[in-house]
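Both complexes below contain chain A, partnered by chain B and then by chain C.
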Partner chain A sequence: MRPLTDTETKTLFEKLANYTGRSLNNLLTDTVSTPGSKTPDRYVFRIQKDRVYYVRESLANLATSVARDSLLSLGTCLGKFTKTGKFRLHITALDVIAPHARYKVWVKQNGEMPFLYGGHVVKAHIGRWSEDAPEHAGAIVLSMNDTPLGFGVTARSTAEARKLDPTGIVLFRQADVGEYLREEDTLFTT
Partner chain B sequence: MGVGRRMKKQGPPPALDESLVTRKRKLGAPTNGAIKKQKTVESKKPVANGKAQKAAPKKTKKAPEPEPEDDGLSDLSGDAIDDPDIMEDELDGIEEADLDDLDEDEINSDADDFANALSGSDEDVVDSDDEGVRHKRMWSDDEDSDAEEKLTAANIAGLSRKLDQQRAQEAAEAEEELKDDALQTNIAAADIPDDEDGQKASMLAPDLQMLRTRITETVRVLTSFKDLAEPGKSRAEYTQALLRDICTYYGYSPFLAEKLFSLFPPQEALAFFDANETPRPMVIRTNTLRTHRRDLAHALINRGVTLEPVGKWSKVGLQIFESQVPLGATPEYLAGHYILQAASSFLPVMALAPQEHERVLDMAAAPGGKTTHLAALMRNTGCIFSNDSNKDRAKGLIGNIHRLGVKNTIVCNYSALEFPRVMGGFDRVLLDAPCSGTGVIAKDASVKTNKTEADFLRLPHLQKQLLLAAVDSVDHTSKTGGYIVYSTCSVTVEENEQVVQYVLNKRPNVKLVPTGLVFGKEGFIKYQAKRFHPTMKETRRYYPHAYNVDGFFVAKFKKTGPTPANAVKPQGSAEEKKQHANGTKEEQYVEEDVALDVDAVSGAEEEDEFGGFDDEEDQKYIERSMKKQLKKKGIDPKATKSKAVKSLSK
Partner chain C sequence: MAPSKVKAGAAKGANKRSTKPSQSGSSSKAKKTGPKPAPTQHKPKPSTATDKKRKPPHMRYTEKELKIPQLNGIRPAGVQKPPNAKKGKNFVDDKESMNAIMAMVMAEKEGNLESKMMRARQMEEVREAKRLEAEKRAQSKKDGLEGRKEELKKGSKKRRKSDGDASTDGGAKEDASAKKMKTQRKRVSFG
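For the complex of A and B:
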């Protein structure tokens, strides 16, 4: 387990900024107060093998006493670096990026299951969306009662999507919470 | 089969069934049995007559059940020889039996029609009398409301007297029934097969209904052994027969059946075995990190799920009765609003009661139900070390942790025995130990057969070592904590009380404290020949038949002081190896020292009184003691020999 290198940080932040926009700053400056210490606890990024974790600093410090082979996970996993050096966000990152998301898409009840089974979001299923989204911007998918369900990238800008027929795809799925069941074997093996 | 068995749980079988059975037997061999029976009736004759004379006047006073009389009449028209047999089985009271014998005797002895007719008329008279009585009783039984309406100041005394009479009569009947039960039991007890018979019978397919009846009968005998047992048969014989029946009926291995049977009184044991055949209710736990129970209940009800809070003792549990959707794949489940978790798994976490900002260790965490519950109680503050020795199972653990939005865990993959070495100083430790699973037979029936004596030696041993490691991992100076909770999903004493007792013996610095759970039975203070510490009653046992949760055991310890340096370390742990290695080496040194000393002394005597110094040998000792010193400082003398030794020697 180690802090990220500069290039890794850059790749990661570019990816995250795709979804959060400028609120990425909040992600970095969020703190938690602890009763014991005077300085509040901040969040840090740590890489263990190829996976990146978003974790409280005090927790990361405690985790240093665990051997590298035996440390399977800490805090929240954001995703992994591929062998070519790109970063891939996992569904587990939803918790971290959803509160800071820039563009959002709400799907109606009848669109929930198709999305959770891994389908893209079609226009007929959309209940509400952020109006100003451009093409190919990262967006969070929520159900109508504001439960985050996953994230993806917009296929069209909102202006263009307005003219789309009901079966046209508005948002390409990248990750959805259905993966907790579908991808359990690959997602959490380290 | 499932429904029938539950229905048949109550009481002895109805008399009608047995009569049918006997009639069948009769049909198989009609003449012999009939003749025999007749003979027995004749031999009884004088006694019966004597009793009957006494009973006859009673008839009008006490108004016995009219049915036997009716039967007697109908028998008259039918087969006279077969009757007594059936009668005896159908009888409700001894006295009535005597009466009937009397009737039969009369009928049999009086051969001519005239007498027959006479007796018949006699019966008629009695019958009408009886009918009158019966009317009265029906009224008193069925039309209570009428009686209350008529209740006025005028007739209250009369009515109350009547009621008293009635009550007395009922009491008398109940007593009779009891006696009759005893009679029946004796008959049933005669059916209990000997060893050889049992072995023969086991070759054939067992008749489940007969087996069930026999089990209930034997259990009833065992519950009031003094009154109901057949003289000359010991309690052990009954128990043996019962265990054999249980093995065939429920499919347990004899070893396990005996082990489980010995935990309870017979009646309760039967209830336990029965409860193991029915599944426990499905329970989900609300993830309070994401939602509230009320909201979740609403969302699920909208999806067509029938549910209800699991009980007053839990604020997060919901019991599922019926569901139209798979509960493991609803959008709420995937969004982490709840987790499927048995009700019994709530208990150890509630007993541990972790506080915010504490450091907690979960020694055997997979699949994560308890870890996520801990995190929810701590509201994602502090730190949870969630360990599991199996890397494959840890997958599900990590999945659940992320799905439920838990952020304060470190998941590691160690043997839990390594724990005080990896990280110690925890405020609380939860040890949900691997166990034989005798509490969850309803969930996994393979336990019935695949657990052997070796398992009940191996598992407790592991549990003891794990619990020692757990105790050693706790920080006794913690302001808020210093607690250890030990739990298993097993009900056997070997895996529970004995493990706890072992740790109490080996660690003088821990004591049992109340678990804080509102229900559950106290742990055993004595079991067979074993006697446990009196504080063992602070532990809690849970049984499927008592609370409709899985069989479970929870014990909570408080660590009051540091573990003594010379205490036994958990076997297989790093600490133990170190202690062991050090111990043997030091012993060697001591022995060598003594031997060499003797040599030196003898050598010195030869040269002079005090003796010269042997520099070569001294050098060896000096090096050795230096190595020891290094080791005490935590430096491996072999690895860092060059620098460390040099610096020390300077």
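For the complex of A and C:
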């Protein structure tokens, strides 16, 4: 387990910024008060093997006492670095990015299951969407009662999507909470 | 070094042995043993001094202090890093540098997004203009057709006249058939 290097930090932020926009700063400034210490604890990014974790600093400091190859996971896993140096967000990052989302798509009840089974979002299933979203921008998918279901990339801009037929794809799926079941045996193995 | 440590250990052992049986008594013995560890304590100090001496040359003195003539300072093309630079990865853990990276990324993303939106807006404008032009063209074409239709409608009266002509033509046909009859009369048949 180690902190990220500057290039890794840049790659990670670039990916996160696709979904969050300006409010990504909140991820760095978020603090949590621990009962034992006087100073509030901050969150840091740590990389273990190839996975990046968003973790409380005190916890990260405690984890230094665990051997690298014995440490399986800590904090919230955001995703992993590929061998080519790109960063891939995992569904576990949803809880971190959903509160700071820039563009949102609300899926109707009849579209929830197709999305949770790994399908893209078609226009007929959309209940609401954020206006003024450009093409290929990251968006969070929510159910009509504001429960985050996953995230994806817009296939069309909002203006173009209006003219689309009901079976046309509006959002390409990147991750959905159905993966917790579908990818159960590979999601947390390193 | 090793033998000195052994001595120190032995001395300590001796101290313990000597002190344990006579805990109640002789402070003089303790006094005697007191100075013994002192030299052992002194021994590491010279060793630290030797450590200081062992520092690499560039730590002990700067090049300016050596008063050597200046060399050609051009760095060869193959060597990018100075010899004293940090090796390996540069970790980012402090808030300031993280914020700096984030600001950089954000500016880039905002710029990208802005340009994307601008492009989308421009494309939309172009599309709108094209649509209006196409509509205008279709309208003019329709108008032209309507005009032609009107013209034709007006012209249809003439047509009717021509229909009347046609009826007269029909009369002409009859005349023609009558003429034919006349011509048939003139015909000569062989059977």
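Rule of thumb we're sticking to: the second predicted complex is superposed on the first by the 190 of 190 C-alpha atoms of A that agree within 3 Å, B and C clash if a C-alpha of one lies under 4 Å from a C-alpha of the other, contacts with A are read in each partner's own complex, and residues count from 1 in each chain.
As a working rule, a residue touches a chain if its C-beta (ideal position, glycine included) is under 8 Å from a C-beta of that chain, and two chains touch if they have at least 3 such contacts.
Please read all numbers here as calculations on a predicted model, not as lab measurements.
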| item | value |
| --- | --- |
| Touching partner for A:92 - first (chain B), second (chain C), both, neither | first |
| Partner chain(s) touched by A:165 [first = chain B, second = chain C, both, neither] | neither |
| Broader residue contact with chain A after superposition on the shared chain, chain B or chain C | B |
| Partner chain in contact with A:22 - chain B first, chain C second, else both or neither | second |
| Partner chain(s) touched by A:6 [first = chain B, second = chain C, both, neither] | second |
| Contacts of A:44 with chain B and chain C, given as first, second, both or neither | second |
| First, second, both or neither for A:56, with chain B first and chain C second | first |
| First, second, both or neither for A:116, with chain B first and chain C second | first |
| First (chain B), second (chain C), both or neither touched by A:131 | neither |
| List of chain A residues in touch with chain C within their complex | 2-6, 9-10, 13-14, 17-18, 21-22, 24-25, 28, 42, 44, 132, 134-135, 137, 157, 159 |
| Residue ranges of chain B touching chain A (in the complex, touch as defined) | 299, 328-329, 331-332, 334-337, 357, 359, 381, 383, 385, 391, 394-396, 398-399, 401-403, 405, 407-414, 422-423 |
| Of chain C, residues touching chain A in the complex | 89-93, 95, 97-99, 101-102, 104-106, 108-110, 113, 116-117, 120, 124 |
| Parts of chain A lying in touch with chain B, wherever the complex brings them together | 32, 34-36, 55-56, 58-59, 62-63, 65-67, 69-77, 92, 95, 112-113, 116, 143, 145, 147-149, 177-178, 180-181, 184-185, 187-189 |
